[in-house]
Amino acid sequence: MFDALSELFGSPIIAAFVSAIVPLVFIVPFVIIAVYMERKVAGHMQDRLGPMRVGYHGILQTVADFFKLLQKEDITASSIDKRFFNVAPFLVFAGSYAVYAALPFTSSMLGSKIDIGLFFIVAASGLVVAGILMAGWSSNNKYSLYGALRSAAQIVSYEIPTIIVILSVVMFTRTLSLAEMSEMQTAYFWNWNIFGGAEWNLTKLLITPFMMIAFLIFYISSLAEVNRTPFDMPEAESELVAGYHTEYSGIKFSMFFLAEYANMFAVSAIAVAIFLGGYQSPFGYVGNLIGAEWLVQVEQLFWFISKGMFFVFVQMWLRWTLPRVRVDQLMTICWKYLIPYSFVNLIIIGIITLI
Amino acid sequence: MKTEELILNMGPQHPSTHGVLRLELELEGEVVNKVTPHIGYLHRCFEKHAEAMTYPQVIPYTDRMDYLASMYNNFGYVIGVEKLLGIEVPERVQYIRVIMGELQRIASHLVALGTYGLDIGAFTPFLYLFRDREKILTLFEITCGARLLYNYMWVGGLSHDLHPDFVRLTREFIKYYRPNITELNNLLTFNKIFVERTANIGVLPAETAINYGISGPNLRASGVKFDLRRNDPYSIYDRFDFEIPVGEGMMGTVGDCWDRYYVRVLELEQSLRIIEQALDQLPEGDVQSAIPKRIKPPVGSVYTRVENPKGELGYFIISDGSVNPFRVKVRAPSFVNLSIINELSRGHLVADIVAILGSIDIVLGEIDR
Amino acid sequence: MRQYFINTWEGIWTVLVGMRITFGHLFTPAVTIQYPDVKVPLPERVRNRLYVNIDDCIGCDQCSRACPVNCIEIETVKSLPTEDLGTTSNGKKKALWVTKFDIDIAKCCYCQLCVFPCPTDCIYMTDVYEFSEYDRNDLIYNFSTLKPEESAEKKANFEKLRLEKEAQKLAAAKAKEEADAKKAAEIKKEDSSKTE
Amino acid sequence: MKKAQEIFDILKSEFDDAIISISTETPTEPMISVDPLKICGVSLFLRNNTELQFDSLMNLSGVDDANGEKGKVESDLDLITGGTLSVYYHLHSTKINHKITLRVSAPRENPEVESVESIWKTANWHEREAYDMYGIKFLNHPDLRRILMPYDWDAGYPLRKDYKSPEYYHGMKIPY
């Protein structure tokens, strides 16, 4: 996308700027829709109606809330560490925003076609930890501090199973680029990585169950990485009030909020890109059938977003079903269950790939 | 390096202290060394008020102690005053009181279970249980006109007779409600995460429980088969066939948080059974025939206790022969049950404090009175 | 080791069971309603805002005495013998002007204890439950229909009557005293005359 | 199951002068009066004796007997002088299923009662409450602080019959 844009504007600087803006154009409406969806899903799962007042079936509720948050007074307690306190929400958002640079929305629409896309994503999302730690520490609040420290431990631990699973997929596909990976899973859904890739042979048959396990592990640990229930330790409402963002209000709070939802989509999108064909349609393209090149792009965007949204929905579904694990159990799940399983899985996938 | 204990104030404004309770936690990392509860934020001088009221006027005040089980608070008080007066109440009144009391027990347990789920982090079961509780409150509303603070049971009788539709609606409710217990079990009780959070946490041995005066479901969860409805029957509870569920340590140790939770789930079914039997045997009659015109008990004192949903609710009433009680002391079950929190939580994590506090099911209105 | 796999399996299975239940509820109709637009029909015995039918009130003060929170304030003035206040709907004769019948609904605890002792059933609870106000003083309901000047007049009337009566009584007493004195004097006289 | 009279006899033979009397009139439950400074030993005996086994303290309540002289000291304040404050203990045995009520009375001016906290932990908070409301001092209580009232409440003990609520608390007007 960057190349096309620099041709269009004739200047790489403007092109870089524009292509950096593009994800924001996606994220803000996405967050508004996702928050609305979260409330509606929660409402209907709990035999309620959810928001109904603002607009038809409350469709403008989050827009109204967004404006309310913008207007709110920015309360800062007197004994906080001002510098860190102010920077933290933006750092958290920057971390989750950076991930979008390497996400392939369609075959041509992606921020950067870097070859080490996956590696970049893993590294960039680590930035979030720093932001959360800063927020927790600078708030000068014991609950915030607990939330932040829990969160740091949690995110760092859960990177490990995530990376191991990514490694096993990388071993299989032999590329670190998300764009390339998505391209390889073309045409029909049985060509997706979760079903053993595009080649029809014995390997495909053998590898499918292990890929499914890998997907499950990836999805669980990604839940932990974005602090969603059942792993929402850092902001465990009933214990830590609101965790690391207890002291935040107004626009800074909404940055955390934005980051959380942006993150939700990001991890779902990564899961989709590496396991479920990325932007590829499960049943071939109408655009190819009628020979319209632009339609293919639109379809790809549709499939990518709808697959991503589906997993965002599953995250919500889990959130409104499950209780929360305790902080030591969180670590148990990671170190005693997910990591051994993912290691064994890595070895098995490695062996199968070698055959 | 110098290290010291971290003092963390949990409450009075905290999402999971079930009201305005302040727990002062002494922490070492996330491990709790000592819990000091500070209560009294909701103190409304019930006992002082009662001394200035006439006997019937105290009843609306009893409603406001354990506001989740108002019917049962009325129940205990009127039994006490009736014992002082030495009057017999008609059969129909007895049956209606039992039906109301058991419905109230279900309603109270539903809140206890729901908020417990909420403490552990499961939001949805809470709303499912509240949905069913609303149905019970509607039954109360058609009977006496109020949803929460009933003033329904009077000394010697009841404020209203049953609504003509009450029996039918209650039967419908029982039929509707039975399957929901299974749903709750599938959704929350046997959920692996929930079990892990609650099993083996806050284990309360039977000896300690008795010594601390713990009562109600909390005592039974420790394996003590003690229920005032069976062991010290009041009203007409000796006529019904029901079981007393006790904690068996199905998921961990006997007397842990999961047991305390599960005993309440099992009691739902037993209460439904009692209501069914009472509805079958319900006699006809006048519910207000025994109400004395002027309530002026003779000099004396009486201690009555009933099995409130939270535990043993006792009223110690002293009469000096005037129209006002000389002294009404309430032995509030939550007050006694809360005193064990330090014993239970030592050595657990902060998150477990929430689980333990939820499992002993306190109502601050009753603790502070 | 076996426990390890059982734990894993239970973890996944019970989560799936829970998810099935919540997914089912996604399609059941909601039990909540859109409150100000839709309202639940209230049962007939419902206990909400107190109402006093002042035409029927005989000013007996029983409701005020039954109230555990003292939210009812009643002041009455005796009527003059010449005034006819009429009867209540159930045939009781009224004898008192109710100059003040205030209910502080903010204090009311909706216990319904005031309703039962009323001999004319004129105080009762209605099904109105939306009566919030911007000013706390608006929550004190004045049920007395007498205007302040009217009640002042009644008070003055009664006071006049009372004074008159007192004066009469005083006069009567005086007269009696005088008569007594006279009598005593006469007796004395007689006695003295007798002794003479 | 033991009758109140039997329990009284057992106690009387064991403790002699510490046990004062028994009252059995209705509707009052049978009640044994005990010396306030010997209640701890009596309680220990009641709990540990194999025939009695009172393992549970149902209720402990302080009571202002208001049996002293009522005198008008100031304009409208009825101050009670003399008389007693009482503590009632309602005991129950979960094993034998019998009940008894103990009563101790201490002089109003210096109400001192032995604590039974070491015997029944239930007593801990109940004694704190009795202290808070009546100012009864429980000797050997490990943590005798106010419980329902603010810790720095210095206007007396509210459930005493002659209590008069102060007008100000920390500069805040009390009767709203």
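The letters A, B, C and D name the chains in turn, as written, and every chain counts its residues from 1.
We take it that a residue touches a chain if its C-beta (ideal position, glycine included) is under 8 Å from a C-beta of that chain, and two chains touch if they have at least 3 such contacts.
Keep in mind the model is a prediction, meaning the values are calculated, not measured.
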A-C or A-B, whichever has more C-beta pairs in contact: A-B
Identity of the chain that, by mean CA position, is farthest from subunit C: A
Distance from the mean Cα position of subunit D to that of subunit A, given in whole angstrom: 64
Separation of mean Cα positions, subunit B and subunit A [Å, integer]: 45
CA centroid of subunit C to CA centroid of subunit D, Å: 40
Sequence positions of subunit B contacting 2 or more other chains: 124, 128, 131, 187-188, 191, 193
Touching two or more other chains - residues of subunit C: 7, 11, 15, 18, 21-22, 25, 31
Residues of subunit A engaged with two or more neighbouring chains: 45-48, 320-322
Arrangement of touching chains [line / ring / star / complete / other]: other
Sites on subunit B touched by subunit D in the complex: 39-40, 43, 45, 47-48, 51, 83-84, 86, 208, 210-213, 224, 226, 231-232, 297-298, 300-303, 305, 312, 314, 316, 318, 327, 329, 331, 335-336, 339-340, 368-369
Complex contacts: residues of subunit B adjacent to subunit A: 6, 8, 14-16, 30, 117-124, 127-128, 131, 187-188, 191, 193-194, 196-197, 349-354
Sites on subunit A touched by subunit B in the complex: 42, 45-48, 142-143, 146, 229-230, 232, 236-239, 241, 320-329
Complex contacts: residues of subunit A adjacent to subunit C: 41, 43-49, 52, 317-318, 320-322, 337, 341
Of subunit C, residues touching subunit A in the complex: 7-8, 11, 15, 18-19, 21-23, 25-32, 34
